[in-house]
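Each of the next two complexes has chain A plus one more chain, namely chain B in the first and chain C in the second.
After this line comes the complex of A and B, so read on.
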């Protein structure tokens, strides 16, 4: 007794699409086993004090004590966090703006474009933690012609000390920062090449200057790329092994006093702060409206206003009509009674 | 008098014209680039390019200096002679050939797996519209933003439990499950690329009797050559340069505790260069001098030299394929 099945439209396609699960299955297993589950476990770790014994791990549930210990008794983490925050907040805009400038220079019609590109993409290949460390030790990571002490003195006079210190460190590690912008230049360059040149031609016809073209065509078009680059920069800045906090977490994990539990708490706190920075920049950029969006919003608001006015007028008209009809009725009633 | 006035106005007009021409030459008009502007562009490019190359040049020049050149203040850039001893000693302390071979294996094998798995997963995301796809893509991006430290310790414990630590397996197994080093970016690159492959092509293949996997192998994959090149290059570079995870998982935090093969990579040995140099030097009869800047720079140079050579050979394909793949997701 077979049921008389009704074939719905699109069923075959839906069944075929189920094969997609098969293709993404490896990643899905990997995500659950190597990302989601360790995250949960790491949170559990952070609530325990863990001692490594020859028999295995000995856990002792302590609640949020690890977290409070970080804030109350561990000066290293808080100090590291402070410098990390300041440096990231200053370095990210510097790197992204610099990458944008370089990619715009490289996007022009110039001779030896391939050669210049080769130079600017070089850091992608060789900028790794230990190499940067060696160069920084040799003081090859700062620009020799730049008089940093002068800048430092100037900054010390006019700015609060924390801010002055972080700005000076940006100047001191200028080349390090520039070297971290390799991938960003690449992303910007690819985005710039995708912009339709006829847009610029049309703007030129209408008498737009290069400056206007930049603000009204280039910037709005590559806005998503700016966000992407900012996020990428934050991630690379936070996760490289020159970062003091990363080193601290690594050392704590293997040290006798810290252990896995305490290090997990640190890692969680660090992740939350990093996520907060990402969200901060994302809101700052995505929330920022460019010329067109602003104009469109204004237009929409005006349209709404007009509609409201129209409605108001129509309602008033209807009211008047009704009143008039009632009046007429009254009149006619009066007339009939009189007669 | 009239004549004189005429003459002055004429000369004035001439001067105006000259001024205009000069302005046009420097700033350029609407359709031609001005010389001044071009000069500025080149000046900027060359000066920033020099700053970019400065550490590399510094490294090369320092690595050839002997001790006298280092101390001589009159020698800044060009060493008095081509002094190869630094390289020999760095070579010896790093145990270059073995480390080099290890590095290639550590970077190469996970990279190959990465290319295969990421292309399959990326194709799955691009071609099929299944339930929960949006959510999965969201999770993919989330796992990219998540710092590795948050999952590092449980992962370390987990790997130790199933016996992956201190061997190449610690990199191979995650790569097999699409969780290799920055695999999320590669999946997104393939996803973007395969979305551009016309669906009609795959449907035509289906009509000709190709299954799902065959359509992927025969139609989609061959057209993805630029994407494969980009993923391959980036993956190999990032694996090569990863010191932190390599030391933790593959080389082992507690060195040479196991009796099996002891891995090492060039970048990790650069990280521990000073220590390993001093131990190598303490062996009697090694004939190595005290460590100095030049030897360190020679060691740094050695560890990036293979990548530099690869880049110089492949840079044209690299730059071009970046243009074509749309590495920038939409």
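After this line comes the complex of A and C, so read on.
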């Protein structure tokens, strides 16, 4: 008779862990080879002056000189960073808000819903890289009916130039920005479809309007997806071929006065700014509690307070009980002695 | 389930896209080369017919060509058919040498070259597109001074190449040399002058005569403008005026003298603001003038002069589209300076600092660029009646000879351009319409202009970026617009500033940029054991 194998405690968990690691291994290898190592190498480059000699690559260690040079002698990069920062801060909310509106429309029961969904995702497939560049070159990136010159004049009058330029640039590239929304629409659509419909039904039975449903059910539920989309948008905008800083870094990499080392230092500074923008938005979104979270937090706080009070009362009761028991004991001992 | 599948596919494609975007180009140390650059070639000489090449050259000190079976790579952005024709002729003369021509588009050409270098595939000979700095700071160009100075054929080339020491970049080494030559042309539409009933200027004009002609061709009633520029008056002015000037911004080979540049900028601003310059494209003024906002001024038939490149003639002005609109464009050179210099576009080329066959690479470069034999092969190729993309080969940006050989020039001029001289060579037949490219009428009407043009154009000095180290970085950091600050020229034109006020600062910055670029080049060459002095 075959004996049943005895599974030791924790063995199953370990086995599952091993399988899990096996599954993520290809990604890990890819990450180390294609991301982590180039990053280390790029940082190493940024501390060197690099020459691409026909006889081989030559490195000359210069410490942080490349970084200081950027601030001392490179007005293009610093001004480019400033423009990038302003444009990103303005464009990201525009893209995410647009994606949310479109995804809500596409979530309605409308005729040819599948076709419309495809239309909004299509730019992601066809208008990437060089195609996008061509469209931008042919001035197809702005809405023809929009009088950008007038908007610019108006903004120049009332706003500081840096801000006016950044907002004008958003209007100039309106179509491009909207075309960046395909993936975000998809993510929002997935999140919207996950919302339990009974929540809306219950809200409607209680007399909630569509507006209230949006603010009190839809928005709080998809908040994690908003953060995800914001991060995705920042990364996409920061790393595409139309980004002037990317072009500048690329040109510098191959220029005489720049080279791989200098361009790597630029890339690292750019990454730090990019990361700062991501953190800014993450804190802005994740740090904000909605009404339910605030109520829940208050309820949890009150519950804790009640529990503490209960515990206090219970402990006080126990203390009294013990004291009373000791008293009784003393009394009974006294009675016995008297007898 | 279906939805899950769709979402998985979409997610996968997104992840793939992101990964593809993130995949950095990992740089690997170039293990190639480190070959002894001088050794191999100076060895064998005798015996073979191919080796007994140019008796004059060898007797004058050029080492003999190798008789070993070797392969040379030539990287270029020239016309592919033309280069292949010259390569075939070269290989016919040197059957032991195989030439592999690698044609690349001008778009990103220098980047491609550096990528090849980085991956250990540096070509033996190469063209350099514009900016010389990337090639110098990475020591791509080999020293060809001994070959250059020992080659008697180099005494019979465009004089400015030796007089202005082009390709030395202010150092003691000949690192590159012009291998394509497009004289700059100030095209004059004779039809406009006929319409206005005024006489066209003399082909041997002075600067002031040129400016007067621009003004004479501007006529509000007739709706004509004096000039439109692709290449700028600001570029031309110092070359036409400065004594000792061999480049843009008054470059004299060692530093900038920008007084003439300032005079040029002020005059240019005055002419543009005085409406002698045609309206710029995509402006209200252009729309008001032509009814088409995006019109090119030189296509209107109402423009006196177009300051442009040489290739515009065969590419556009000599095509039925323009001729049928009544335009009769003829070229003038930029006014000739005291030293005889005019402005021209020169594309440079050099041999690799890591080539194992520098002598052979030099010879190949000569064939592709300035050598008589190479030019003969080119002229033969231009007679090709086949069309490429509906155009005959000669219409595909045909440069002028760099050699001063009289026969080559005569054949070049008479085969493709009008001439007033008695013809030794007949015009080629245009394979598109089956007719002669140049008719007898055109000879009569335009011949004298072309003859004068070709006489005057042979002493060209090129754009700054291809001959002055640090020029590009000087322009981008100190001359062009940075952020909200307008570029220097626009400050003069739009804000009414005086260009003379910028001179001292620009001279200092320009010279600093030059010294920095030379220092970078010296550092790179020191790494490969070559001492570069400047």
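The definition used in the following text is that the second predicted complex is superposed on the first by the 280 of 339 C-alpha atoms of A that agree within 3 Å, B and C clash if a C-alpha of one lies under 4 Å from a C-alpha of the other, contacts with A are read in each partner's own complex, and residues count from 1 in each chain.
FYI, a contact is a pair of C-beta atoms (placed from the backbone, for glycine too) under 8 Å apart; a residue touches a chain by one contact, two chains touch by 3 or more.
The structure displayed is predicted, hence computed values, not measured ones.
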Contacts of A:150 with chain B and chain C, given as first, second, both or neither: neither
Chain A residues in contact: does chain B have more, or chain C? B
One more residue to check, A:41. First (chain B), second (chain C), both or neither? both
Report for A:7: first if it touches chain B alone, second if chain C alone, otherwise both or neither. neither
Looking at the overlay, what does A:254 touch: chain B (first), chain C (second), both, or neither? both
Just checking: does A:190 make contact with chain B only, chain C only, both, or neither of them? Give me first, second, both or neither. both
Quick one: classify A:30 as touching chain B (first), chain C (second), both or neither. both
In the overlay, answer first, second, both or neither for which of chain B and chain C A:72 touches. neither
With the two structures laid over each other on chain A, which partner does A:239 touch: chain B (first), chain C (second), both, or neither? both
Is A:51 touching anything from chain B or chain C once the two structures are fitted on A? First, second, both or neither. second
Chain A positions within both the chain B interface and the chain C interface are 30, 34-35, 37-39, 41-42, 45, 57, 121, 128, 186, 190, 239, 254, 260
List of chain B residues in touch with chain A within their complex: 30-31, 33, 38, 41-42, 44-45, 48-49, 51-56, 58-59, 62, 117, 120-121, 123-125, 127-130, 133, 136, 139-140, 143-158, 174, 176-179, 187, 212, 216, 234, 237, 240-244, 248, 253, 267-268, 270-271, 273, 293, 296-297, 299-300, 303-304, 307-308, 310-311, 315-316, 318-319, 322-323, 326-330
Contact set on chain C toward chain A in their complex: 7, 10, 14, 17, 19, 21-24, 26-27, 29-34, 110-111, 114, 117-118, 122, 131, 133-134, 136-140, 352-354, 469-470, 472-473, 476-477, 482-484, 516-517, 520, 523-524, 527-528
Touching residues of chain A toward chain C in the complex: what are they? 30, 34-35, 37-39, 41-42, 45, 51-58, 60, 73-76, 79, 121, 128, 161, 183, 186, 190, 239, 254-257, 259-260
Interface residues, chain A side, partner chain B - complex: 16-24, 26-31, 33-35, 37-39, 41-42, 45, 57, 102, 105-106, 108-110, 114, 116-131, 133-135, 137-138, 140-141, 143-144, 174-175, 178-179, 186-187, 189-191, 193-194, 204, 224-225, 228, 231, 235, 238-239, 241, 246, 249-250, 253-254, 260, 263-264, 267-268, 270-271, 274-275, 278
